Amino acid sequence: MTRTLMEVQGIRKKFGGITAVDGVSFEVREGEILGIIGPNGCGKSTLFNCILGQLPPTEGKVMLDGDDVTGLRPSAMNRRGVSRTFQLLQVFPQLSVRENLVLAGQEHKGTMFTRLFGPRDAGLTPDANQMIEFFRLGHLAEEKAGGLSYGQQKLLDAAMAFMAGPRMVLLDEPAGGVNLTMLGHLEERLRAMNTERGATFVVIEHNMDFVMRLCTRVVVLAEGKKIAEGTPAEVRANQAVIDAYLGH
Amino acid sequence: MSRSVLLKTFGVLIVGALIFLPLTLNRYGIYIMSLWAIMTIAAMGLNLTLGYAGQVSLAQGAFVGLGAYTVAIMMSAGFGFWLPLLIAIVITFAVGWLLGYPALRVQHHYLAFVTLAFSTLVFLVFRNEEWLTKGIYGIMGFKRPSAFGVSFQKPIEFYYFTLGALALASAFMAWLVRSPWGRAFVALRENPVRALSLGVDTRRYTLMAFAIGSAMGGFSGALYAPLVEFVDPTPFTLALSLNLLMMVIVGGSGFFFGPFLGAAIGVLLPEWLRFAHGWYLTIYALFVMILLIKTPTGILGIIENMIAARKTRAASAARAAASAGLDKV
Amino acid sequence: MKLFAATLLVSAAFVAPALAQTNAPIKIINVGELSGPGATVGTNFKNSADLAVAEINAKGGILGRKIEIVHFDTQTNPGVARALVQKAIDENPYAIMGPGYSGSVKVSAPLAAQAGIAQVMGGEAAELTQLGFNTLFRTSFGQQSSMPKIAKYIAENLKAKNVAVIWVNNDFGKGGRDMVTKELTARGVKVTADISTEAGQADFAADVVKAKSGNPDAIFIYLNEEESARALRELKRQGVTVPLVGETTLIGQKVIELAGDAANGARGHIGLTVDAPNDNLKAYGKKFQEKYNYIPDHNGIKGYLGVYMIKAATEKMGKVDQKGLPDALKGLTILAAKEPGILMDLTIDKNGDLDRDSFLAFVENGKQVVKETLPKMSK
Amino acid sequence: MMNFINLILSGLATGAIYALVAIGFTLLWQTSQTINFAQGEFVMVPAFFVLAALNLGMPLPIALLVGLALSMLVLGVLFKNLLVDPMLRHGVLPLAICTMALSIFLKETVKEVYSAEASPFPSFLPEGNLIVFGATISIQSVSIFVFAICAVLALQAFLARTSTGRQMQATAQNPYVAKLLGVPVKRMIMYTFLINAALVALASFLISPVYLAKFSAGETLGLAAFIAAIVGGFNQIRGAIVGGLLLGIVDNLAAAYISTQYRGAVPLFLLIAVILFRPQGLMGRAEERTV
């Protein structure tokens, strides 16, 4: 039984009258790929935003290695080794691919001022190149990110999340809008990340097959509540889940 | 990429012109060139705040004023030039930092209005606090600086002094925007949320963008005072802030050389349009509107487009994204 | 490309011009506030100068040489003004006219003095002619000569003990306010309300309330023509009955036109106005209106006068002598009989201040009525 | 006390004008993300249309109508089609800067074409004074107030009662949803520009007899309108009215009781305070924030 990295305890988020997330709890274990699935609008992304301090949760706690990190600013969470991608593409179109990656790593090197007077690339060019190779973006290193294809940008987006050598990475809809070949490529790379580098993932998806293939454990949400948790096989067999999806 | 091509092509020509052209000019021509150098420094500062970090500011003129008054007041009190210069930069840096705080709460037009209000308030202080600023009469009777026994009294001498200052400021900017900070500023402009999630402390970078930009405004003001050898409130109204903003936009906001070009147009325009008599401002305004309608990335934006037009589709897609990038400003 | 073009244009714009040879037209350069806050001031000055030049040229010019007048725009910015005077000097004109704002005059006067070129300007600040630039000449009374007369009138004729001062907070208004306050206090009159207003201000309700609160025996108003009109309307509305005293800018024809019957009862000291009891002045006012179809304000008269001062001094010298002009202007007395364009007999003193008759006038049912003529001080 | 009444009343008159101008300002922002830095000049220009018409010998009523028509054409249709539409795709700031250039353009053009002089402007409102509770009130400022408020109420009624009005509100709230609901968004946006033009024209006709027709008359008005709009609440008419009236009164009280030299500062402090501590404006609801 591997040790627990993050513990999410009874997160609840209300917007005015609506309760988007209603007391969800789960844990993330080191080295696993945890999938969080559920029909659209079941509060997956809101849950993510609460965990990462993008939104303050109305109730509940987030523990990282036993420390309470609830409501820390995203930048602080990131420096504690929790990084993420966004549902919608979020790369910096004006910067080159390599620059995007350097940026993703630089804030972890020294302080604001040592960075200012340190090397231009904060000494990250090697790591960046390695990451570029890993995601097979070599031929595009100098291109402005804005010029890449959607799929390529998705890869870059994921790569940026790994730049800082995070303890865990939260991927929000990595499969969204990616064509099949590119999807296979992405899936294969993510798995490699997990096996070769022991990276821990939490993946939000509504593409069931993708999750079922990729994840070791799955949490199912519906209308803001957790309705099931277990291995892909268990979840697939779970009546509540079937209802939730058919009822949807 | 294309930017550096631009640089190589014209760099030599321009630098040469800046050094030797004034020798052929009369004193007025030299004054205009000095004014250009000084305004370029102020515009560069605004370009950092607006063009790189994406924070709207309608207060750059006020910072030029703060710099000018600091130097004028201290020089009349007999402090020489260099200490006042330093103080001017420190003060404007600090005030700029404070003005950055609203930017942490509000964006876009709200920020524009806060800074607008600020610059109007500063003008009122200049005009009303007679004990300090001599009010509407203005401060006179301080001399141009001299350094290491070299005096910068004569117009041409002072021009080279300002040119040196410009070179210094440019070097600093070039270093800054290529540093990790420069990268963080761009990230801040293009996508603050994503930047935050990558550990970029957007608050501190926002404040820094304001502080450094304002300090450059102060630096430029500190040079403006000895250029005119007289400081009064009238030049530092909102109009100056708007002019500087237009210089940045017209030249090309977010381009390193945008301010140089924008300031050249803003400062030299009355000369080029002399034939138009009273109409020159009308023509300028018209030009700005048409330019902006064509592209919001300014003249350098157009030039970049023309260069990149010969490149691959990928590159052209990049520029689409680039001009979209300005929406975030 | 643009940059290259720029450099070309720069160089094109500034190569020093060749010196003007004899029999070429006499070049006068007017450096004025043609845009920015001072646009109204500068435009009046410019139009009248153009009018005078046109008249003179129509009559064959000065000593048979036509006048060529060029206008530069300071944008109401002293820095630009200074640079443009510099530029004017580089173009080696016969004389320089303007600027109209005292601050701009102050920064530019040293340059003209250094070059020994006469500068005939519109600034009214008292200090200007005390700074010892021997090439600087006024085209109107300075505040140092008008304000004492006003203070004297308030203290002696009106026997006022308390006075409210309403002034426009620019260098014209501030100068007058400081001067009159000094003169009033010297005469034992107390300023009970000191009210600063903004140029272009529309609503004077608050200012009048404040003025009344000091319940003064008289109110001194020193604003530009438009604001004067608005202030007068508001004073009437709030039923203020104490004497309203001012300068040309309070009781000029323009103000009367704008303020309507609210102007009645206002009074003041006036150097020159289009409606003084003087045919030359009336003629000027008429010609101006024909050409520009509006009534010129006191800045207009300055511009007109300036050109004729230059003409008179030149004819006195009997030659077009740039370097001699300042001395020719000093101590010059010009008689309206010989030079109608000068409007009224006038003497220029050694500081460049003007000395001439002035009037004490009232506004009575929509007309400016001159009560007494205050003679030249030198008489 | 009587003085105080005086100040409040004249403050209300000016404030009503601010409100008129501010409303148009907010309408443009809501329907088409336009921060119109030339709004003040928009109030200055119509007066000159009327003067031009008068110079052609038209009687005042006709001249006013001509002025209104020209304003709606130039400041409404042309402004939208030639400037806003092509700029919108570039985003909020470039458009805002474009309107800054426009304000310079309008000012300088009027100055060159007409003159730098302030020209008297005929009032279609009764002159003279009333005595109420010992306070002398100018009939003109009262009728300015009445006129402006009526215009605002009429506009509100139009927006609330007529179907076009409701469609315009829908567009203002959320153009995309409105489109889905089958609202002819494009036409609605054009209407808002026309309404803005009409409002500024009315403001112009009301205020010019007092302010006089002058190229620079818009400078203070424009700033006042921004402040009124934001202080009141940038995203509804109600806010603009409150903001306008409040500002008019604050102007006067500041000058009378705080400092004449710093009279201009007080509204600015108000503006900064509101933006920082209640960005949705005094009347705004938080969820309507456009920050």
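Worth a mention:
By letter and in written order, the chains are A, B, C and D; residue numbering begins at 1 in each of them.
Here, a residue touches a chain if its C-beta (ideal position, glycine included) is under 8 Å from a C-beta of that chain, and two chains touch if they have at least 3 such contacts.
Here the structure is a predicted model, which means the values were calculated and not measured.
With centres computed from CA atoms alone, B is the chain lying nearest the middle of all the protein shown.
Two chain pairs, C-D and B-D, are compared here, and B-D has more C-beta pairs in contact (counted per touch definition above). When chain centres are set by their Cα atoms, the one at the greatest distance from chain B is A. Centre-to-centre spacing of chain A and chain C amounts to 74 Å, using the average Cα coordinate of each chain. Centre-to-centre spacing of chain C and chain D amounts to 36 Å, using the average Cα coordinate of each chain.
If each chain is reduced to the centroid of its CA atoms, chain A and chain D end up 49 Å from each other.
Our note on geometry: chain B versus chain D, Cα centroid distance of 32 Å, whole angstroms. Chain D has residues 108, 111, 261, 264 in contact with two or more other chains.
Shared contact sites, meaning residues of chain C that touch two or more other chains, fall at 35, 37, 169. Annotation for chain B: residues 127, 278, 281, 324 touch two or more other chains. Pairwise, the chains that make contact are A-B, B-C, B-D, C-D. Put simply, chain D touches chain C in their complex at residues 3, 6-7, 10-11, 14, 108, 111, 115-120, 129, 136, 138, 207, 210-212, 214-217, 219-220, 251-256, 260-261, 263-264. Partner chain B is touched in their complex by these residues of chain A: 52, 54, 73-75, 78-79, 83-84, 86, 90-95, 99, 102-104, 106-108, 112, 115-116, 118, 120-122, 142-144, 146-148, 160, 163-164. Looking at the complex, you find that chain D touches chain B at residues 29, 35, 83, 86-87, 90-94, 96-98, 100-102, 104-105, 108-109, 111-112, 223, 226-227, 230, 261-262, 264-265, 268-269, 271-272, 275-276, 279, 291. Note for the complex: chain B touches chain C at residues 10, 13-14, 17, 21, 24-29, 31-33, 35, 127, 135-138, 140, 224, 227-230, 232, 234-235, 239, 261, 264-265, 268, 270-272, 274, 277-278, 281, 299, 303. Put simply, chain C touches chain B in their complex at residues 1-4, 6-7, 9-11, 13-16, 34-37, 71, 73, 76-79, 82-84, 86-87, 89-90, 101-103, 106-107, 125, 169-171, 174.
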